[in-house]
Each structure stands twice: as C-alpha cells, then as structure tokens.
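These are the structures, in structure tokens.
Shared between the two complexes below is chain A, which pairs with chain B and chain C, respectively.
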Partner chain A sequence: MKNPGWALMRGFWLSWLQYRSFLFILAFGWMIPPLIYMLVWMMVAGSQGIAGFSQGEFVAYYLVLILVNQITYAQTNWTVGDMIRVGEMNRILMRPIAPVYDPLASEIACKIIYLFFDVPLVIVLALILKPQFHIDFTEAALFIPALLAAWALRFLWGYWLALLAFWATKADALLVLQDTLVFLLGGQVAPVLLLPDWMGRLATALPFRYMVAFPVEILTGQVTGTAVLHGFLIQAGWLALAYILTMILWKNGVRRYGAVGG
Partner chain B sequence: MRFFRLISQFIKVSFEEESAYRVNFAISLLTSLLTVGSAALSISVVFGQVDHVQGWTYASTLVVLGVYLIMNALRSLFINPGLESLAGMDGEVWTGKFDFSLLRPVDTQFMVTFRKWRLFSLIDLFFGVLVTGIAIYRMEASVSIGQILLFCLMICSGLAILYAILLFFSSLVFWSPAVMFTWVFNGILQLARYPLSMYPGWLRFILTWIVPVGIITTFPAQALTGELTVKVVILGIGLAVSLVILASCLFRRALRHYSSASS
Partner chain C sequence: MTETIIAVKELSKNYRVPVRSEGLMSSLKSLVHPSYSQVKAVEDLNFEIGVGEMVGLIGPNGAGKTTTLKMLSGLLYPTAGEVRVAGYVPWERRPEYLRKISIVLGNKSQMLWDIPSMDSFRVLSEIYMVPEQEFRRTLDDLIDLLDMKDLLTKPVRNLSLGERMKCELTASLLYRPALLFLDEPTLGLDVSMQLRLRQFLKEYNRRNEVTVILTSHYMADVQALCPRVILIHYGKLLYDGALDGLARRLAPFKLIKITLDQKNGKTFQNFNQPDDKVELLEHEENRYVLRVEREQVPSLTARLLQSNSVTDLSIEDPPIEAVMDQIYTGGAA
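What follows is the complex of A and B.
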C-alpha cells in the first residue's frame, strides 16, 4: 500500500472523478470517427458484404476498435508541452520517484473512468447492430500482449514528440500529425486490409498501425499465422525505438530546462 | 450601414490581435492541410472499394466534404470566437464581464455574434472552396449559374441553422453551465461530413429532424448535384428562418435572466 505509484494513481483517480461528465464528453467525441466509418462501411457492405467483410464483421471490428482506441489514446501527451513551457515540470521533478510515473498514473486513472462510459455504450451498440465474432482461444490470448504493447507504443511515441517542447515551443503540432496518421493508417478509416496498396504497405511498415489496429486485427482474425509474428516483431522494434528516443530526449531536455520563476 | 462599419472595425481589431502571433499562421496552415488531406484520402479509401453508395459517387461525396469544410471554416471564422468569449469556459457570463458588453450602445445579439473574428480560418475556407471546386470538376456534369446561386443560398441557410443551434446552446449557459451541450453537438456535427443517405434510416431521421446537422451539408451539396427539389429548398430556408427566430427569442429571455456575477 505504501507504493508511491499507487498513491499517485489514487490521487489522479479522485481528482479526475470530479470531472467525470467532462471526461465522458471527451470519450464521446473520440468515439465518433470510428462510429462514422462503421456506419459507412456497413452501408457499403450491404447484404452481400465487400472484400470478404460482412456487415457483422465490420461491426465487430469497429466495436473492438472503439475500445482499443480509447485504451491506447495517450491524452497526457498533450499537457507535457504545456508543463515544460509554463514551468510546472518543477513540481514533478522534485518528487522522489521517476517523473514518467506522473503521466502514467494519470493515464491509467483516466482510462478506468473512460471505460465506465465506453463499455456500456459498446454493449448497447452490440445488442442493436449484431456483430459477428469468431474468436478462438489463441486469438484472445495474443490480443492482450498486443494491446499492452500498442498502448505503450502510442504513449511513448507521443511522449518523445511532446518532449521536443524542451527545444521548440510549438512541438504540439507534431501530435496533431500523429493523430492524423493513426486515423489514416491505424485502422480507423478502414481495416488495413481494405486500404489501397500503397497505404497498406505504409501502414505495415510505420508504427501507427501497431498503436490501434494490430490488436483489433488479431482478435477479429484478420491477421493470422506468420503475419502475427511479423506484426509483433515490428511492434517491438518501434516500441524499442520510442523508448530509446524518450530516454535520450528526457536526459538532454531536463538539462536544458530552466523553469520560469514566479 | 452602421452595422457594416462596426463589423469591419471588429475584423480590423481581430486582425491586429492575431498578427502578433505569426508562428500560429504556419501551425494553422499545417493543421488545415492535415484535416483536408486526411478527409479527402479517407473518402477515396471508401470509394476504392465501391463505385457508388446509395447513389453517391466519389465526386458527389467530395462535394459534401467541401461543404462540410466550408461550414466549419465559416463557423470558426466568427460564430465560434464570439460565442465562446460569451459562453465558453472563462467566458463573460462566468466572469461577470458581460456587464460591459451589455452597456455598449448596440444590439447585444449583434455584438455577441460579430465582435470576434479568427481570420486564420480563411485558410480553411480556401481549402473548403478548393475541395468543392475539384469535386465539381470531377463530377463532369455541367453546373449552371442558377445551381451555383442555389448552392450559395443553401450554404447561407445551412450556416443560419448552425448559428441558431449554437446560439441556442450558448443561451442555456445563462441558466446553468451548459458548455457541455456545444461539445456533444460538435461530436454529432462530425457526422455531417458524409451524405445523409449513407447512414441507416433511424440515424437519418435524427440528423434531419432532431439535430438537423445533416441538412447543413447535404442540402447545399444536392444543389450542385442537381438533386434538390423545390420542396427541399423551402424546407431548408423555412427551417433556417424559424430556428434563428427561436434561438434569438431564447437569447433575449436569457439576457433578462442574467444577473451578473458577484464581485
């Protein structure tokens, strides 16, 4: 119980809980783009289906994607830059635990609140729209590590981009770029299998598919066999790179950091 | 005449405020490009799989996107900055600064609507018009002057509907902190980037009659694709006029309800 990380999380949980209606509205906003594409693809698929996808499979894919997108979305990355600019980093630097615990604790606390909103809504949608799942045990088992790695990758990738604020004040614009690429290549516009050739190849090579789409594809059986293994390898590679970049930027950034006094 | 002079003054002041932050111009340009690029690309992904959905082709869906971009640009050009400074977080209703706006010798609704301009949105407006233009070119159908005039008319009525809805929600702030309504609405408005008929029947009904965001983009686009019937034109304009009247009435009631903030 004396674990400081735990205490930090509890603190964030309690303070975020006050803003739950605010958080629910944010969660609602994030849910809309995948919902739009779910409805559009359902209409496109019609009763015969398209490119091997039936209506029910689109529903299954997008309902899982809504949850995965919410779980992996790293909203704290947006405040890192502000904290550096305003000088609020001081408070966190003074603590006797590693500074990265602060956003991590906030992330986990928030996510639990978001899921209180998302899960019931997804269940209701599932009852209305009748998704087609065919999940076997291995897929379900592989989904979990893929999801955790996706979350870590999306968080760390945004974190190193946000840390650029030590050097450039407008580094946040890069987060907009990341969000756009996740939207296009991360399986939101369409399952990666349905993307045009060149986009599909980009999606497989770049890190953005491995932030959202990859675990969803595993669970819905769109990647199988050796492709799963390849996916995990690429995901691990990008995760390692993001980790190294975060470490380097953090070390050099903190040395540069001079708080604004007041 | 006096109103036009005031509006041009408001624009001038806003321009002077914004030109102090020049880096923001580059950032705005970047985000606009990302928005337009990803939106157009996502439509082409869908139409990479099919030729037409519910009678909508790639080109005509692109028209809807263009209209959506134009609407959003016009909204953030003047409607949003004005209403946010009134009813947004830290807005005048919260802080009590609204007293000073009430004291100005012009109509308060006029003031609130036109006093703040975000001129960077002209970039978005440019892209919106560009996308619409490209889409019309790709439709390979001849568009008559009459259709373009009808298009402009439907854009105006769509904008009026959007304005009425936003004013309606802003007025509610006088009773309770209802900023949330606008945010929920923003989520729903995103649905307007696709034609109404791409959604299932129940949702189409909601987006036409209950939260009429579908009308805002689909009607002007139909003016260009030539599917607009006289009935729909009258419906659009009638809805716009009645919603603006309704929202203005609510705003006036809200003003009477305003009791300043304690000092």
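What follows is the complex of A and C.
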C-alpha cells in the first residue's frame, strides 16, 4: 500500500521502537500522578464513600483516566518549538504532503507503543484493586467520540501554543501551563464533580476538562442525559477554536519562518 | 538557451534580526525594549535558468546564497519580487511542485536518524508515491552510482559524514526530481569522496537532464560541474556567466612565473620600470612569481625575453580562489 500518512507513521514507529525503554519510562512517569490521586481518594472514601463515590468507583475512574490521559497526551507538541527554532521544519515543509501529517503520524505511532505498556499494567491494577464499573451500551458508544475529540482538542490546543515559537523563541512555557491546567481542571487531581463549586464551573467552561476528564466521566457514568450533549457542544466549540487558531498561526508563522541563515 | 525552468525577477529578501550587545544588562534591556535591525539578505536579483543547466551559486559567507536557494525551493517567502520555477510559485508549496524539486541543505537531514537507511528510503518513496518498480530501479541506479550497497542496513546515526551525504543524495533523488538544489553538497567530504560526488552529479545531470543549482565554497566543485556561475555579494548579483569569464572580467591581471639565468647575476628588479604595475608575489632564489596587469603582460614579457636572462617563463590566469578572494574582500569588483 502506498499511502504517505501510513508510510510516515511506519517510519516513526520504527524510530520510536528504538526508544522502547525511554518511552516506557515516560509512560510510567505519566501514570504516577493519577495513581497517587487514586490512592488518596481511596483512602478518603474509606468504606463509606464520599460525595456519592465509592472506593471501587474511584478506582474505575482513575484507571480509565490513566488510559485516556495517555491516549490524549500530545507529546509531539514539545518538539514543535525546537523544530522551528533549529530549522528542522525544512524537512517537513519540503514534503509533498500536508505538514500536519508529521506530528499526527508521530503521535499515533508512539501511542501504540505506550499502550503496549499501559494496557497490561492497568489490567493488573484492575485485578488487584477491583474497580466498580456500571457501563451501559450508550455510554460505551459515546465514550469513543468523546475520546477522539479529547485527543484532537488536546493535540491542537498544544499545537497552536507550540506554533507561537514562530514569534517567540521559547513557547514551551505555555505547554507547561497547559499541563498544569489539565492537571487541575481536567479531572486528574480530583473528578470535576468533586471540585469546589467555582472551580467546577471554571472546569466546565474552559477547554481542559474536555481533554481528559470528559470521556472518563461519560464511561464511568458521572455525566448523563443533557449534560453529555452539553459537554459535547462545548468540546466541539473549543475544538473548532483550536483548529482555527492552528490554521491562522500556521499560515502566518510559516511566512515568518526561516528568519535565520543556515 | 533551452526552455526556461527558473525565472527570477527583482527578488529581494529582508530579515528582521534582533540585536543586542553582550552582557547581562543589555539582555535585561532588550527584554523590555528589544531592538531590531533590517538585514538585506538578497536585493533585486534577476536571472533565468534553462532546463538541464548546472549553475553554481557562489559568493562569500552571508552573501545570500542559501537564502536564494531557500526562496527558489519554497522554504522562504520573499520580501519582494517574483519567482517561477517549473511554472509554479515556489512558496505556495503545491504538492505537484514539491514532487518536482529536491533540496539538499548541508546541515539538515531528510533521513530518519535511528533506523537503517533502507527503511528511510522506503518511507520517502511512499511519501512521494513512487511506484514500487520505479523505486527499485532508481534505488539500484543510485546505489550503483554512489557505491553504497553496504550502507543500506546501517542506522543513519552510525554513518560517517560522507556516507550520510551519499544517503542524503539518494534520498533526494529517489523520486527523480526535475530540479535539484544543493547547498554545500561536498562539505566535510574527503578528496576522493568529493571527486566521486562530482562525477556522480555530472553523470546524473547528463543522463536525466536534471537542472541543478549548487552552492559551494569549494571552487573545485564549481569548476568541475558548472559551466555557468552566478556570483552574489551582499545579496546583489555581481556576475552571471561562464566561470573563466568571471576571472577575466573581475581579475584584470595575470601571473607571470619566471626563472632567471643565475650566471649573469641579474635580478628581477633589473627589468622593472617605475610605471610598471607589477607586484612581486613570491621570490625564491632565481624564481619569481609576478602579478601583472593584463595590458602590461605583453610589454613586460617582451622585455624579459629580450634580456636573454630568462631560462623559463610562463603566463597563467590567477587561481580562481585568488580571484574570488579579491572579489570577496572588495578588491576587484
């Protein structure tokens, strides 16, 4: 099969496979914060539960979150700034395919490797910690589009921030800020339902919840009915904005690109 | 000239470069109040290149060569002017255009660093949608021409500089581009690799009628490959034509090498007249190398030969490097 996107993905896949242990360590690192918060909430919940969550439900929530966090985490964005600064963008601009293929292919390729590590680990944890799931078919079906949109949103949001490197030499700091906000408002430190009222409202309005927590909430039955529809609309709105910003920044940034010799 | 494939009209490129003097204080100042200066990298360039030509783009460091190449390939947007390459505006970067051209930048790689080069070639061939049979045939040709069979199974990061350049060239030619932009292709290569590469490029150009523009600081590259050179300096076009014409036009002097007969004890100074524009470049025992203005060459040689003291005499054009040095340092232009 001759397909440029597929070929690129295979190239990245082959390259990433050279770094298996590095990727596994990264994946392990990303798993730690949700694991810690899962243990904290399990302790807090005790045998009585808290705010309607039982211990088993916390386990279910965080185990799903570990996978969703991994699937949606856009690590490629960290390299975009450097590629612009050092001139590596040349390679991508000179290919006869849309430049966005490159980070997309890299994302998908490394995700497959991460999941080889994550899925078995989560299964083992599930066997030990006994999560409580009550999943019905609709929730499972809605989880998939919510997850894909969450990934697209998290990727594009980070991508437009990273593209600011066309103007500022180091735009990486904004990615750190994004990670922090995802951590606070994206359901990692606590499920959004358990956040203080004002923080919960903030989380519902801003894009960060829709990058991780939203699909997890759907699958674990924390959002239902019209709230799901509402969530999808907000998610789609932020996704559209991220897409527009990416397009604008890309178009204008590339014109500025290369204001260095070499 | 054959059919035009590259047309450049009034092409200019300005860069805005942040400037600040050294030290902590000035770095703090530039944080609040950054200052910039405009650098004219390329100014009002005009030229045309025909299908199948091999043209050397030469000039000192920072002359605007790479900037020009990048604009021709579509990596940079110009500040002003027009460029048409194979009927396309390069910086629109249409896929059809990008499949027609290839650019090799000495310090940038298209190879995937960690995997065997063969894997990179395959990925690239699919990105460029080269049919399998054609890919095989082209690759075999290139492996043969560049003698690189052994390199295919090694990861690129384990290759030497020269071996990597072979891979870069192969990667850039896999889809048989009609135009090749080469920025310093022989940088860091040993003498025999340089020779090989030149032979290869010449042969490849002859076989496939590929138009090639190359920049190089090695005049030997340019002499061996490019019947035509475009010289730019401070972003401006200084000369466009044959390489030996450049020497004639921009270096209005020749080198006279003489060996004097030691028996009659005369020195070169005995023949030198006050109004001669002659410079003594080298002197060792009875051998002299003189730099003489072109119009004085006949009279001086006549005088030397009449004196019966000369045992050997030769008149040469100055080495191209010397001419270039004169131009670059502002002597002859």
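As a working rule, the second predicted complex is superposed on the first by the 258 of 262 C-alpha atoms of A that agree within 3 Å, B and C clash if a C-alpha of one lies under 4 Å from a C-alpha of the other, contacts with A are read in each partner's own complex, and residues count from 1 in each chain.
By definition in this document, a contact is a pair of C-beta atoms (placed from the backbone, for glycine too) under 8 Å apart; a residue touches a chain by one contact, two chains touch by 3 or more.
Keep in mind the model is a prediction, meaning the values are calculated, not measured.
Of the two partner chains, chain C is the only one touched by A:P96; chain B is not.
In the superposed model, A:G56 makes contact with neither chain B nor chain C. When the shared chain is aligned, chain B comes close enough to touch A:M199, but chain C does not.
Legend: residue contacts after superposition of the two complexes on their common chain; A:G253 is shown touching neither chain B nor chain C. When both complexes are overlaid on chain A, the residue A:V189 reaches chain B alone and has no touch with chain C. In the superposition on chain A, A:M42 makes contact with chain B only, not with chain C.
In the superposed model, A:L14 lies in contact with chain C only, and not with chain B.
Legend: residue contacts after superposition of the two complexes on their common chain; A:G221 is shown touching neither chain B nor chain C. The touching residues of chain C, when paired with chain A in their complex, are 15-17, 41, 62, 66-67, 70, 73-77, 93, 95-99, 101, 103, 105, 107-110, 112-115, 119-120, 122-123, 126-129, 131-132, 155.
Looking at the complex, you find that chain B touches chain A at residues 23, 27, 30-31, 34, 37-38, 41-42, 44-46, 48-50, 53-54, 180, 183-184, 186-188, 190-191, 193-194, 198-200, 203.
Chain A meets chain B in the complex at residues 21-22, 25, 28-29, 31-33, 36-37, 39-44, 50-51, 169-170, 173, 176-177, 180, 183-184, 189-190, 194-196, 199. Those residues of chain A whose C-beta lies close enough to touch chain C in the complex are 2-4, 6-8, 10-11, 14-15, 18-19, 87-88, 90-91, 93-97, 254-255, 257-262.
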